[in-house]
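Same chain, two partners: chain A is paired with chain B first, then with chain C.
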Partner chain A sequence: MRLWEETDDGAPGTVPEATTERRRYRGPPRRAAAPMLIQTLNGLVYGGLLYVLAVGLVLIFGLRRVVNFAHGSLYMVGAYVGYTVTAVAGFWVGIVVAVLVLTGIGVILDRLVFRPLQDEDPIVTMLVTFGLLLVLEDAVRTIWGKDFLTVQPPPLLAGVVHLTGTSFPVYRLAVIGAAILVAIGLSLWLRMSRVGLYVRASSVDPLTTGMQGVDTEFLSATVVAIGSGLAGLSGTISAPLVALSPSMGGSILIDSFVVVVTGGLGSFTGAFIAAMLIGQVHNLGVVFVPGAASMIPLVLMVLVLIWRPGGLVKAGA
Partner chain B sequence: MTGKATRALGICLAVGLAGALVPRLIGSPLLLTLLTQAVLNAILATGVGFLVRQNGLVSFGHAGFFGIGAYVVALSGKYQVMPIEASLLLGILGAAGLALLLGAAMLRLAGVAFSMLTLAVAQALYELVLRWRGLANGDDGIAVQLPRRIFGLDQSVFQQPASMFTICWIVLVLVLAGLALLIASHFGTLTMAIRENEERARFIGYRTLPPRAVVYAISAAIAALAGALFALYNGFVTPDVLYWSLSGEALVMAVIGGTRAVWGPALGALIFFLFKNAAGDLTEHWPAIIGGTLIVVTVLLPRGASGSVAMLMERVGMRAP
Partner chain C sequence: MTLLSLRNVDAYYGRAQILHDVSVEIAAGERVAILGRNGVGKTTIVNACLGVASVHRGQIAFGGRAVSTIRHFTAARAGIAVVPQGRRIVPGLTVKENLLLGGAVNRKGAWTIDTVFELFPMLRERTEMAGTALSGGQQQMLAIGRALMANPDLLVLDEPSEGLAPVIVDGLADTLRDLAASGTAILLIEQNFGLVHRVAERYYLLSKGAIVETGWLAGLSMETLKKHVAV
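Coming up: the complex of A and B.
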């Protein structure tokens, strides 16, 4: 039997009157177990989105040694492109088009920003991408307006599943699945393929890798394109879960920064662990201290940094 | 040394007095309002620039400290817990204290990570104020309730552009003079040595983290001071004062002005506001203009206006101030 439904803001689904009543009378002991599972799952959903976004930052940092401050904007642009294409051609086409468009933007970004500025101080690139963040936010506001937009999940994933007496949207499970697929795909690519080997080598020592005959410029362009495409993927798959607004990239960008630093700057494994961790604590924050939820990941990060100043996992792992 | 100090004092007095005369010379209230905003923001930009100059670090989140200064004044008015003068001081000290704490954790990281986290902290503060509506009315903002007299002056003194310009100008000159003294002191030399090569400074026997954290705290306190003055002047505070576009604006000013001279960012602020005035009708797309300017200036004019001025002065055989 369903005891109560907990949804965070922007989530599809409502809490019916009757359920709320029952929740008040049944008290904490009865409702402790099932919602805990739901909480954990919701944490995994957010952690998954965060991982897909943050791993793009890690990839770009690995090869270009810079942080892309516009990464949250790429996520937002991905969501908006997905929104527009979904309205015309359906959700699945929307995902594909958004990822392709963002991959293209990544190629342009590398060619026009990261590559020309690679010999400058990293501060210069950060300033430029920060400027880009402001430009993109304004561009999206101009094109799509500043009202909240929503995207429906595709019919295939629209229902709910019943888990130990509570229901959980299928779409959210699919998001967790997608994040896991991305994680597996990336590790296989980085560890098993020749290009992956080049990427790892180049992130340790680009000069020597270049001397061995690897085209590091092409490699960097590929990696920035993939990172940007992943930001687009993260944006589109999150579209049915949140309300779209030009500032939607803001809060997830800071959380993904926190993930990247907590995991250890430049570490893929670290990013995965940290994303899952931050996903969980973020979700607990949203449920228990909704007003101050944005502070919780920062507090966790500071604690981790005091414990291990270099982050959870050393870079290169 | 004393001759130099007297000269510096003389320059300060002259510049301070000159600024105090500006409102009498300018008839247009519109221009005066603009200049008041410029000077307020010049204080913020000076804070950002000082951090770059002494620590070599870029903060993408000084709006956070500016917002703390502004919100502490606004909230103390709302809850009536302390006199407004005390809240001004509390906001500044609070921002400095927070920066010390954050600095102790964040300054151990590479410069890149530090910059990421400054942005993260400021955005988290923004979200906090936005979502916790009970604290400060969230999106609706909060009106600052001012007592009749502040620091013995009538409250209208702080809300009229003409008088507020003079106050902000004097504050700016004092801040710049204070920073110039600091830079000339042992502490200034030490922090610059650390900026150039932290490892060597450590080999000589200095502890390098505390001085850097102190620089960060000073820079945060200056931003909070600007925020507190803004709250007094504007009479209304919204979460926008914490948003990253303000951090971006402060950075643009510092970059336009250049950070090699301590007065560079303040000059940048002035140029920025004249430019903003010229942009006029385009202000609907203001964030994009800030972003675009930031990109262009960073790439084309890395040393900024003050760097160019200093270069010119060197060329004609004068020593840069």
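Coming up: the complex of A and C.
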């Protein structure tokens, strides 16, 4: 999320219209004086992206007990696939194709990596997924090159809205909306559907869930596919906000792990609360203590774990 | 019709052999007990049927069909529901959700969430409570209710009296006899002979991972019982 931290006002993104308009009507950038509302919204944007990415990690960890270091790479591949398809068929098709491609990659990952390694020592799976991260980064470097790439938001979401005397890009509001939709959709799926019930049950007690007749292997494969698809979605919707580079998955992956651990391993609700919290503290850190911004989520995680060693919300809640 | 059969089964946890040449058979409508002290391998018989313990020799058949690869869900789909040791109420799920989970196998039959509530009215009053917040006796009712939601032909109960007050065990015995009377076969894995005596008609006696005696409960001598089971 390099550009996020480098923009004049601490806001994520490089939406030209927004920048131009702000400079024309509001004078020079004022990092410290930026309205609190805008900073809060920026925090929500980052928190939303983190949630969409981290909830995939939570799903995969819950069902497969795998700490997936390759998840950041899936996010990065999603962004690149979105970039290529957007150039050919437009942004919306790009989102759909990226999610489908990453869902497919998730199925393959589960079949070839997670499932065969599920009874191995966790360190083996961690090393394998870390290796995958490196392989995927190199593959992307080979296919798309190492230069930064940018994606413009779709024309429908390219403008700005005026909020309390300052402007804010519509696209970033749309990202918040997308994260809320994902949160509501996942929550409804997990709470209201039979499959969601099995996912929640299997994430805390796969044996008992299997004993009731649920094929937990198939369920886990499905969930890994959904988690990977969400990483793809997160990568695609973040593409207009950041510069695409093969290493873009690394930094957000760390924050995603912080979200998962702070929220409580395997907790969907915890992931949402933690993502929003970390989005806010990360963004405030970028504005007020830019030198220590990347440390602040880690400090928050440590404080939460001292207070509640299991994270904010227990798994299954 | 034979609902469950183990023939000459050797079962292992990793490299440790727990069951030695175990053969057990339960037919439709039967009430059978597997008796034995702690640690003799009673639960391993259940775990072999659930794919938790690995079977290196012998054969397990559900509903008369031999199964080569046993997965956790295989028994449930063949009409065998398990009330596991320690109940294993799923944390984070309400009473109702735990029951709905039991219906995952989607077999047709008389048991629905309403009929389970008729059998255990106290569950109806606590539908939205976390299952793990119930008392031990109530959790046992929930575990049995969850198993019944699968409309099983055979109900396997692993140490159901563990940790329960005697008065609750009496109620449990009545419930199991009623279930058996309605045609559900019962496999009771227990060391509480009082419960076994009230429920089962046939027994297998397990010692050091091997069946050492089998027969009708009426013919089980006190001497054998004292030797192999705590009474």
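Here is the rule we use: the second predicted complex is superposed on the first by the 283 of 317 C-alpha atoms of A that agree within 3 Å, B and C clash if a C-alpha of one lies under 4 Å from a C-alpha of the other, contacts with A are read in each partner's own complex, and residues count from 1 in each chain.
Keep in mind that, in the parts below, a residue touches a chain if its C-beta (ideal position, glycine included) is under 8 Å from a C-beta of that chain, and two chains touch if they have at least 3 such contacts.
Computed from a prediction, not measured in an experiment: that's the story for all the values here.
Let me test your reading of the model: by the given contact rule, A:F69 touches which partner, first (chain B), second (chain C), both or neither?
Once the two structures are laid over each other on A, A:F69 reaches chain B alone.
Identify the partner contact of A:L173: answer first if only chain B is touched, second if only chain C is, both if each is, neither if none is.
So A:L173 meets neither chain B nor chain C here.
With the two complexes superposed on chain A, say which partner A:M295 touches: chain B (first), chain C (second), both, or neither.
first
On the A-aligned overlay, A:R194 touches which partner chain: chain B = first, chain C = second, or both, or neither?
A:R194 sits against chain C, while chain B stays out of touch.
Contact-wise, after the overlay, does A:S251 reach chain B, chain C, both or neither (first, second, both, neither)?
The answer is first: A:S251 touches chain B but not chain C.
Quick one: classify A:V160 as touching chain B (first), chain C (second), both or neither.
Touch partners of A:V160: none, neither chain B nor chain C.
Using the superposition on chain A described above, determine whether A:V214 touches chain B (first), chain C (second), both, or neither.
In the superposition, A:V214 touches chain C alone.
Enumerate the contact residues on chain A facing chain C in the complex.
Residue positions touching the partner: 194, 197-198, 200-201, 204-217, 314-317.
For a test of understanding, state which residues of chain A touch chain B in their complex under the given definition.
Residues 61, 65-67, 69, 117, 122-124, 126-128, 130-135, 137-139, 142, 250-251, 253-254, 257-258, 260-261, 265, 290-295, 297-298, 301-302, 305-306, 309 of chain A touch chain B in their complex.
Chain A touches which residues of chain B in the complex?
Those in contact with chain A are residues 58, 60, 102, 105-106, 108-113, 115-117, 119-121, 123-128, 131-135, 244-245, 248, 251, 255, 285-288, 290-295, 298-299, 302.
What does chain C use to touch chain A in their complex?
Touch residues, chain C against chain A: 50, 52, 71-73, 75-77, 82, 84, 88, 90-93, 97, 100-106, 146, 150.
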